[in-house]
Every structure is written in structure tokens, then in C-alpha cells.
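The same chain A turns up in both complexes below, where it pairs with chain B and then with chain C.
Entry: the complex of A and B
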């Protein structure tokens, strides 16, 4: 059961930002609604107004500019899992999107909504951190970039200011020998742990980025684990991957909850990192 | 319904013109009204069921522009200008859809509660991919839960319907 709210339907980002500034915490951006409406139905959050951003133009496709893929925040998971350019250049993202929730959620849920809602047990943020993505945040008269690794502040909390709208996500176009993978594991509807790894393979592995999601309040980069693999030969890296996994587990800020105990999640981080690394190598 | 009769001046009404099972419908809804409630309670089509209420089980599946959505968590105004198909709109001229026939023939249901959602989701799959592998079928249907059949007969039903539909095409 949803309580009554008023609907605003801005037609520009500036107008949306202005509404957010004017109504503050009594209003919330609404896109696909797959997560927000659940929280509202449960009575966990209430808003006097929802600001439907789906009339904003130019935020619903995947393009590329200046060496980056530009993903509009209103792209649905369904669009992203079927994007030929992503399938070709970022198959790890395609595979992740193919496995978000279920076909109905992917049909209406947007990537922007997923990131802004910042539900801890979500997939895309973790891989975006490992891929070095940047979030584009706009308000009426300004625009800024937020590195994906700085975007997630806490559970359900992002670095966006109250009157900022996430409009686009920039992902650097991978170099020819770039490798990446995302793996998740869970036994409930949402994953207990997600692990993403990205690196370049030039004889050895370099530019290693590892991120862990779902285990704790927010997805995070685990530099301690990256350092254990950085600059190693392929074989050396494979020998160190278990150690890196243990380090990533400790750095994951895992918490005990319905999705598993802290100890369990830390263990799964290690298992997934090993598998993700091997899968990215092959 | 009484609720629809009394229109307070401060109530926000959104005109929604859409196609429901091939027929134009013009209604007014409030922003918070859910598609499932409107379809079941206002329009009297009770095939879609409320079950989990959190987009997990698929019992409330409807097709919007041919794609499956959870009507339990879809705001009704979202179907403005779009085409909605419910299980009631699947049979044509009194003749069951091949999926409906296959579910009967192959025992693809027991209690029937999940069946409208199963069949609509399967229709969306076969419209997009007329010759799915069993793995593709399972992946697509993963969000539709049945607590009776154990799925084997549902998979058999959909595969049989797919074969029949390909033969006709």
C-alpha cells in the first residue's frame, strides 16, 4: 500500500534540480521505482513528492566520447544487457546486467536509480569502481564528476548533494589488453557478496583494481589486495591471489546480517576474487 | 467505486489513455495508484495476482509494450500511451493461445496461482526468442516462482508451445 504523494514531471535537468532544491527531503527522484517503491510500500520512507525524471531527454542511451563510454542514467538494465557496444567492449558489464534481479526488474530499473538508491546488496557499483568509472552529477547551473569509488558513502547514501541529479556514467573504453570480471554469490534474492576485478595483461598484470560489494554497507575499492597482485607475472599473481583474497575479505568491511556472517562473507570474498581473477585471465 | 466519485480539488488526477488487451482505455489515476490495483479493482481483470508484493515472484506479471513488468510495483500512470496485455487478452476469438493450450496439455500448472504470470512471461520470451534453449528459458523465467509443479512441466509446456508456434510461423 502506497501513501499518497504528488508527482512532479520536470522536462530538464535544471528544472529537476530546482525542484529537489525547493522541496528538500520531502521529495525524491523517481525513475524506474523498482527499489524506491518497495521502500515506500513498506513504509520505510515517505515522500510528499516524487520527481519523475523519465521525461528528461538524452539520458537514455549508450554513446562514447573522449575515450569513454557514456551511459545515460536512465538506461534500464535491459537496455544495458542488450547494448552491442558494451557486449563487445565490456562483456563483464553485460554479464552483470544480464543477472541483475529478474527480467521484470531489469525491464524498468535504471542504472542511475540503482546507483543513487545505494542499496548495499546491489551489483553495478562494485564493477564500476573496478572499471574506474566516473559519475556525472548536475544541478541547475553546474556539473561535476565523482569517481565511482567516492560515490558510495554508506548504505543508502551517496556523495550527491541534495539538489544534484546523476545524469551520466563515464566508463573509460578498455585498452585492447584490458581484462575484467564480476562475480557474485548469494542464497537470498540479493547477493551476499560481489567482487569485481580489472587489470591490464601485458605479460604481467598491471593497473589492478579490485572492488568488493554487498558484504558491507557500501561497495569499496580494496587497495591492500590490489597491491598484492600489481606488477606480478601471470603465474606469480595466480600464486598470490589467495592472499589477495584474504586481504580483500578483511578490507571489505563485511557485516553480519541475513546474507551471512562477517566471517562467511570474508571467506566468500576470497573465493570470488580467485575465481574472478582466473576468469578474467582466461 | 466511491473513491473515484469523490474528487477533491487538491487531489492530483493523472489522465491515462492506454490500450488494454487491444482496446483503448481512458481512466484517471492518482500518482500513488499501482497498476495491479487499477487492473484488478477498477477494471475487473483479476488474472494477475498479488503475491510477494516485492517484484520477486512474478504472479502479478503483465506485459507492457510486450515486455514483462511487476504490476505490484508499477505506478499506474506509467502506462500512459502504452499497450498492456493481461492474461484475459491472450485468447483470440475464443481460441486459446498456444501457450495456454500447451500448459493444459503438458500439465504446466497445479493450483494455477502463478500461471497467468508464467504464461505472460513465456509469451514475452517467445516473442523475443522463438527458439530458446532450455538454459535461456530458465534464465528468462527465473523470476517467476511456482510452488507446486517443480518447474519441469512448466518448461516442457513452454518448449512445446515454442515448437508449435514456430511450426505455424
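Entry: the complex of A and C
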């Protein structure tokens, strides 16, 4: 059962940040509520105040500025899976969003909420790391960028400070030959492993970024695996992709749980990386 | 969940043994442990364990019972606690061994940790990792404290 709480309705990001600063750990930002309210109903977390940011304006669109797509943190997964501009330029993100959880979650769950809750088995963070995204965190009087790969600190923990609000996500507009893919696999409600790959294909493979999620406590970039593919010709990269997969598996910090043993997850990372790379090439 | 840890301490075994029974100093080495008190010296103790994973916090009022004790060599203890707010229980079986190696003491322990109830919703992997971290920090803190005393 949901216990009593006070609902704060700030009218600006600055006001929301100020409330977070003032009430500290007894308050939490509330947007879609798909994860937060479940945890509260279960009694796993308790907050005296929820800071409803749903009505804040300017955080629910996908736009572009300065060579980047700007995704408002309040965009729902449903909005993102149907965004024409993303479908055209970032089909990997569209596909990911089409497969987040279920239709009920996608309808109300927001991308910002998903990232801030930092549930280890969430999808978007992994691809955002590979795409070189930046998170925009705002306080009452300041603003900073956090690289996606630095955003996820641990299970359920992000680099956001107590009085910071995630407002936007910037994803660099892909260059004409940019390729990316995200694949996941699991047999329970949430994925056991998710792997994202992004690179430029100009004769050879360059600018390779690989990220692994769901397997460990937080999604992480695996530079060891990237180095094995970087600068290779297409054929050479295909020959090295199994080795890169094994390296990514080892670096994934996979933990054994109901979603699979550590060894199993490490193996699946390799399988998914190979398939994701092939899919991005085709 | 079973964990096995070993820590090498540059201090005589007697000193390590005495340290273990000095509740206030010992408790300071257990991450998240507060308000420890002795109910029956050498047999029963009470403490509150507070742990945190992201926004999830648990507070277990815990009873620690010493089951077996072999002077300077071994302690077997069991700790049990329940967090009624979250609806979760914790059980810890601890088997601690001390042995001498030259001027060092090897403190080794096997810990069996069981977490039951709603907290288990966080997932076995996350809880196991947290418990492992706590035990590592504990072992390291004991070493630092004893070696720091000179």
C-alpha cells in the first residue's frame, strides 16, 4: 500500500532543484512513476515528499541544436519510439524504445526517470553510452554536462548530486556513415544482458564504442573490446569480433543472479556483440 | 550466500583476540553497524545494522549470539535481525579463525548471509555484491585499526 506523502508541484526546474536541496533524502523527483511508485507501494522506499516534475514545460520534446539531438527528460518511451526524427537518424534508439518493458510502461515511463532510477536491468543507458550521449543536470543556479559513461555509478546510483535534476539528454547527430545497434537477451521480465555498439564505417571501422548493460550493477563502456576493432577493415573487424566479445564479457562485471550465472552472461555478451556488430554493418 | 575472507594482520594473536572482544572498537570496524551493546559479556550482544543500496535503506536491529569459543583460535557466532518497516530479515552465520604466522596473525572467516523478505526484490546479485563489499571493508578496517595501534 502506498503510504501518505506530500506532493510538491514546482513550476520550474530551479524550484524543483531547490526543493530537492531543501528536503534531501526525504524527497524524490516523480515523473512517470513506473518504477518509483512500485518501489513505494512495496514499502521498499519511503519518501515524505514527491516532487512532481510532470508539468514542467520544455522537457517533453525531441529537438536538435548544435549538432546534437536534444531529448527532454520527460519524453516518454512511447514518444521516443514514435519520434520521426529519431526513426530516421537513430533507428537503433527507436528499436530499443519499442522494446522497453511493456506498452503500459512505455506510455507513461519517461527516459529521464529510467536513467535516474538506474535499475541495473534497464536498456537505454547502455545505448546512450555507445552513442556518446551527455546528460544535462541542472541545479537552481547552475547547469553541467555529464557524459553518459560517467553517469551510472552503481546499481540504483547515478552521478547526480542530491539537488540536481536531469533535464535533457544530448546525443550527437550521427555522421553519414555512422552505424549503431543495441541487442538484448533475457528470459525473465527484464533483460539478462544488453549490448550496444556504435562506429563509423569509412572503408574501415573507426570511432568504435561498445557498452554492456544489465549483466552487472551498471551499464559500462568496454574500451578493451573497442580497441580490438578500432581502425580495422570491415573483414578484419569481423574476424576480431569474437575476441572483442570475449573481452567485453570479461569486462562487463557480470554478477550471478536469477537472470543467469556470471559465466552465462559473459558468454551472451560475446554472442550479442557479434550479432549487434553484424547487424550494424548490414 | 557464502563468503570466505582472509586478512593478514601485523600484530600478535593475543592482541587480535582482545580486539575482537572489545565491543566498541570492534563494532567501529563493521560498516553500517551502530548502537552496539553488551547484553551478556562473551555471549550475547545487540546492535543495529544500517545498509544502503542506492535509495534502498534497511535498518536491522540485530542480536548477536556467540555459539562457540575456543580461546585465541576460533569464534562461531550468529547474528539475526529484522527490518519491520521494509519487511525483511537477515541472518548471518560467522565462523572466525585466528592463526599465527611468524609475527603476523591470519584472521580468516566464513560468513553465511541470508536475506529474506521484500529486500530480496533487489536481486540476489546486488545483495551478494553489497554483502561482499561490507565484509571486505570490515576485514580491511580490522587490519588498519590493529596495525595502526602499533
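FYI, the second predicted complex is superposed on the first by the 282 of 282 C-alpha atoms of A that agree within 3 Å, B and C clash if a C-alpha of one lies under 4 Å from a C-alpha of the other, contacts with A are read in each partner's own complex, and residues count from 1 in each chain.
In this section, contacts are C-beta pairs under 8 Å (C-beta built on N, C-alpha and C of every residue); 3 or more make two chains touch, one makes a residue touch a chain.
This structure is a prediction, so every number in the text was calculated from the model and none was measured.
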A:141 touches, of chain B and chain C: first, second, both or neither? neither
Contacts of A:78 with chain B and chain C, given as first, second, both or neither: first
First (chain B), second (chain C), both or neither touched by A:282: neither
First (chain B), second (chain C), both or neither touched by A:43: second
Contacts of A:255 with chain B and chain C, given as first, second, both or neither: second
Contact residues common to both interfaces of chain A (with chain B and with chain C): none
Complex contact set, residues of chain A against chain C: 28, 39, 42-46, 118, 120, 154-157, 217, 255-259
Parts of chain C lying in touch with chain A, wherever the complex brings them together: 53-57, 85-87, 118-119, 121-126, 128-129
Residue numbers on chain A that touch chain B, as the complex places them: 2-7, 33-34, 37-38, 41, 50, 78, 98, 101-105, 107-108, 189
Complex interface listing, chain B residues touching chain A: 12, 14, 30-34, 53-56, 58, 61, 67-70, 73-75, 77, 121, 124, 139-140, 142-144
